[in-house]
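Quick one: this structure, given as structure tokens, is what I'll be asking you about.
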């Protein structure tokens, strides 16, 4: 079964790259984003470096340069190619990277056959697959950013996108809180940053029944939301004043003053029914302040999320549908007001693998839920995603709290 | 009595500037620091703008340009002189700024005489005085930074500084925690960011009996602490790799490999008994990790601090003395692992005065306690100081936790 | 015959791209360099925009976006895609750009058939072909820079490169100078910056018989040439002190202290016999000062060059061979001490085409001769190449003067 | 007599500083400009380092740190304080620097008494005085730049400035040119960059009878001069497009669309009769192109200047008066199209003193004449001033040529 999972996840990465040309897979549009080809190689490197290198008899790397070339940030592994120059790696070619994948896959499957019952191996393989699923989401958000730089505005998927049905009014749902348990509850897989499960006091609160829509956010803009410093964190206002922030990342004002939005389906008229997405924490926070609300803490969000059903999306968030607490998963990652910090008693794994999460626990903020780009089966209530407050190229959205 | 406080605090600012020349008072060594003259003017501007302008009959500003010139960051007040160019304001002269102070003081005293019983006025005046005390600490840390840029290494105070007596060994003191009350308890003054008092769950923890010393930190350096990426947050390691971080801010390696330290008393041999100071959060965190400990959360710190006595220091932190929990106040501000965030239910004051704290609650970290440069009477257990993780020019130090 | 030239030059650009993958043709390694695909498109854009658009009946652009996308720097034509983002244009694909070339070529050939006798048209077509030849040289130097960023060090041409025979000793050849005529003499094609031919007084001078070799330049390095500020222009020394300049651009120091050089044939041991290349003006000037010589002025160089034979090279400069004044053409462009300035009475052409040369006549320096990457038939004695003093990615070398 | 010159020049520097406060003398408004106090110290350092250190028996420096602190750019002398941090040197105080001046002056006078007949000494002292005169001009332009940053717009001189009488129309005066002698003719002092005198061929040309006025330049702005890329060098247009260049440095547009100009006499209404000043080479070149003229070469300027009378100015350029070739000296430095390059056969002096001129001969442009801030007696026809093309804080102006 792990073997089946392995093949399914590995196959899906190639499937995501299928609509793209070799050139699309090679370019890098900013240091924060990586080329598709690099994602395909790095997720393979993870298995080769952390599993095959340790366990394969007579280990010989597929290519002597790849250990450095496709190391993302593991100082414990050694040197790494500079992040901002990943787009210059026109060699190895995409075909060579696919050959690299095939070779490592075959060796991994042989290893799984031979040592399948080994729990430590199974845990590492599972980590590798979860890691690859995280990169699958990045493949979509990174290539979206790349295609958005092109004046021709090519879509990742040529199907187009029709307007969605308007959602019902936004309501606030009350929660009691109290001294609650936060963190992974022990069923299935989790990353180390969801541990240890621990007690936290949560005062009574209310959470919005759905995400903020494009239509609601457009009203904020028209009302002068980007012109009133009183609505903004000081750092956010600096970015507004410099012109960096003036609307969500992929909104494009037309000459008739209407908006269009660049999506993975290409550029389309802004759909007022769908959730607003590709916002910084600064914008989410300013919007919340404008309407007399605030962002939730991650403990509040997690407490409420136990009631929510986990759904998967596809390429762009859909409008809310149904009653009660909706869109907790499968539409947009939801900014919280919680900085990314270790849970009480948190300890990273020893060795290079311990660099996975812990060393990033400063100056980032937690996002909860999942997005339309998150692979099916990857989300859970205790999941902690994290990005800097200024980051906008993920499918981020706004869940209000009070 | 408010009148006496007013005169005492206002007088102390001038007293702090007394050892300095007009040139010392005008220069600005980095955008984060301000000239002494600017501090003297801005603290006066606070009273003129937020009190006299609103309450003085036939209000006429002392100088028509000062409203913009000495506005620090209050967008609600209007335009402001660019922060990085405060050192270019050779006019008004120091004498003119002193005349500005004398004029505003006289008008404030007249107002206090006339409307002394007004509680809202008293609250604003008290806020203005607490504000000025914060700037008094900055006057010392800013001028220290300025003098440190000078190859001649001039001291602020010519008295010199003798080595202190070695402190006892560092011990850990256990605390039970539990569901505790955090935030201002209602006696005396507090800033709005200490409110509202609220419940928080604190798991059992231990806190170091004193701050980490120079001698202990030097051992960390000699052991290769700045060469091992496994000890560092990723952002911190980037700053180590770029050469920005290699030792505490004012340590200077000598040709014989010994250390000297620049202090407000000039450059002296590093005293191993005194607490290490002028560190970033990255360094404090790396040191803690190196010795198997961690930094406290602000709730842990505040819970423990209720037992501690509040003392004031003078120009440089002294070595720990005595038993139990020492150096909570009066030596160095202590980095916590808590990001600066609003307490549950926090609401800033309406209007420009509400920009005092709230808009800075992102990408900064809380420091607790007080330092040798904090004015007497200004500290309390619930006080929340905050700076970016990279900031080193304050008297910051390390309190370990477990 | 113009028709034949047209087909030959156009064909050669595709021939230069043939050894490269689609990914190689798309990436951009720095703002100064452009992707191969962009060169292929821009040289086509030149014909479409400056000729077809003006002369074709019922002109319809091949693609409505290309006019902006492939405009390099002609403000007179209108908007242009940002130079630093040319590498993000994964669309149009290389195949689409080849289709663009084929379409424009067919239309151009029809036009030439119809209006072949028109002298103005012939002049514009010739300019377009000379323009394309300039880009052919850039295709090689730009892709060399790209491949050099790759730790795998892939060659453009897999043939390898054998050491060349040592040249004879460097001699100085005397020239009388006098009141001489400088500039294009009227036979064949020239760019407008070679006009008008004019008188200039040249004092007696001597020119080195060949270019400086790798072996000679290595001796300069070993003698501490990069450590002595007295040898350097102040700007150059700033770049040495910052670490930017430490050896020619593509030299790589090995652990045994020997040098290897990255070439279009891949990385090879440094050949002491071949000319040193890929140097800034600062380095050329420092080397000349070190050996008691100087760089020539462009008038001196041109005066001497009338005696020299024009040869073409291939992918890497070869060692000098023969007697007298050698390597004036076909090895390395030769830095002169002359800033790029208009000749007395120079006037650019009216309209956008006048932006070709004139607007760059500030803060650049003239290079004379031609390089191993210059297309055959493109060089002449009056040719003025120009680059900023810091530029190193062209095949630049050192001709000494006294 | 040298002794009298010494005392007069040295005295004049103090005289220039007299209207300024200690704070005015300490601040630095940009890396290109230096504090007045630094100028006073550095010009003294020149005599101490290049003369007293070599010739004084039992030489003891006035202060051990000054050799580094007040070294401008002489690598041959050793380390130097970073240029951009000169404004942080609040110590030594202005009084200490004056004491330094008095001490070195006394020692210099003793030396002159003892060794007055020594020609080498006399040459060095003369160089030191000419050097100090250059800094006297910088004292005025640097403090003008500093005061201009202050929103209060304080004048250096409180006298005010009345409108001047309109000059006559601009005429062009013809010159024959020919094979002429350029460079210092041997009478009096010159800097090494004016040597050797050499032959140069100058084609017939015409020079404007006076400088371009504010009124004429304002017409260029109103006609859209800063909006038409066809008028600009590419580098200049980049600076226009980025907003850096929109009018001469100290022009300030009023709400009623009129102009005011910041001068050393404070801010005044723009006087259309006076010459336009504080322009970059890019602006001078664009203006010339706009009116169908060009900038002169330095050889043309020098050839013409032999007929001109040398006058001195005072704090701001005056309107042209009189017939023939006017304003060659004493109003504004005049941008030429000549890059700053060595004359044929130029050789700098050996040792650190040789760094005076030669190492700056790249990427700068020659300005000819003198300005209202140039000390009397310092100007001559062969004088070569030089600045980067973007520099605007000197009194630069436009002399047209054809």
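Each chain carries a letter (A, B, C and D) given by its place in the written order, and its residues are counted from 1.
Throughout what follows, a residue touches a chain if its C-beta (ideal position, glycine included) is under 8 Å from a C-beta of that chain, and two chains touch if they have at least 3 such contacts.
Which chain is which protein? Per UniProt: A, B, C, D = Ergothioneine biosynthesis protein EgtB.
The structure displayed is predicted, hence computed values, not measured ones.
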In the contact graph of chains, the distance from subunit A to subunit D in steps is 2
Every chain in contact with both subunit A and subunit C is listed here as none
Distance in whole angstrom between the CA centres of subunit B and subunit D is 45
Expressed in whole Å, how far the mean CA point of subunit A lies from that of subunit B is 37
Rounded to the nearest Å, the gap between Cα centres of subunit B and subunit C is 58
Multi-partner residues in subunit B (2 or more other chains touched) are none
So the complete set of touching chain pairs is A-B, A-C, B-D, C-D
Listed in rising order, subunit A residues that touch subunit C in their complex are 21-27, 29, 65, 68-69, 81, 85, 87-94, 146-147, 149-152, 154
Interface with subunit C, subunit D side, in the complex: residues 73, 75-76, 179, 198-201, 203, 229-230, 232-237, 281-282, 285, 297, 337-339, 341-342, 344-345, 354-355, 359-363, 389
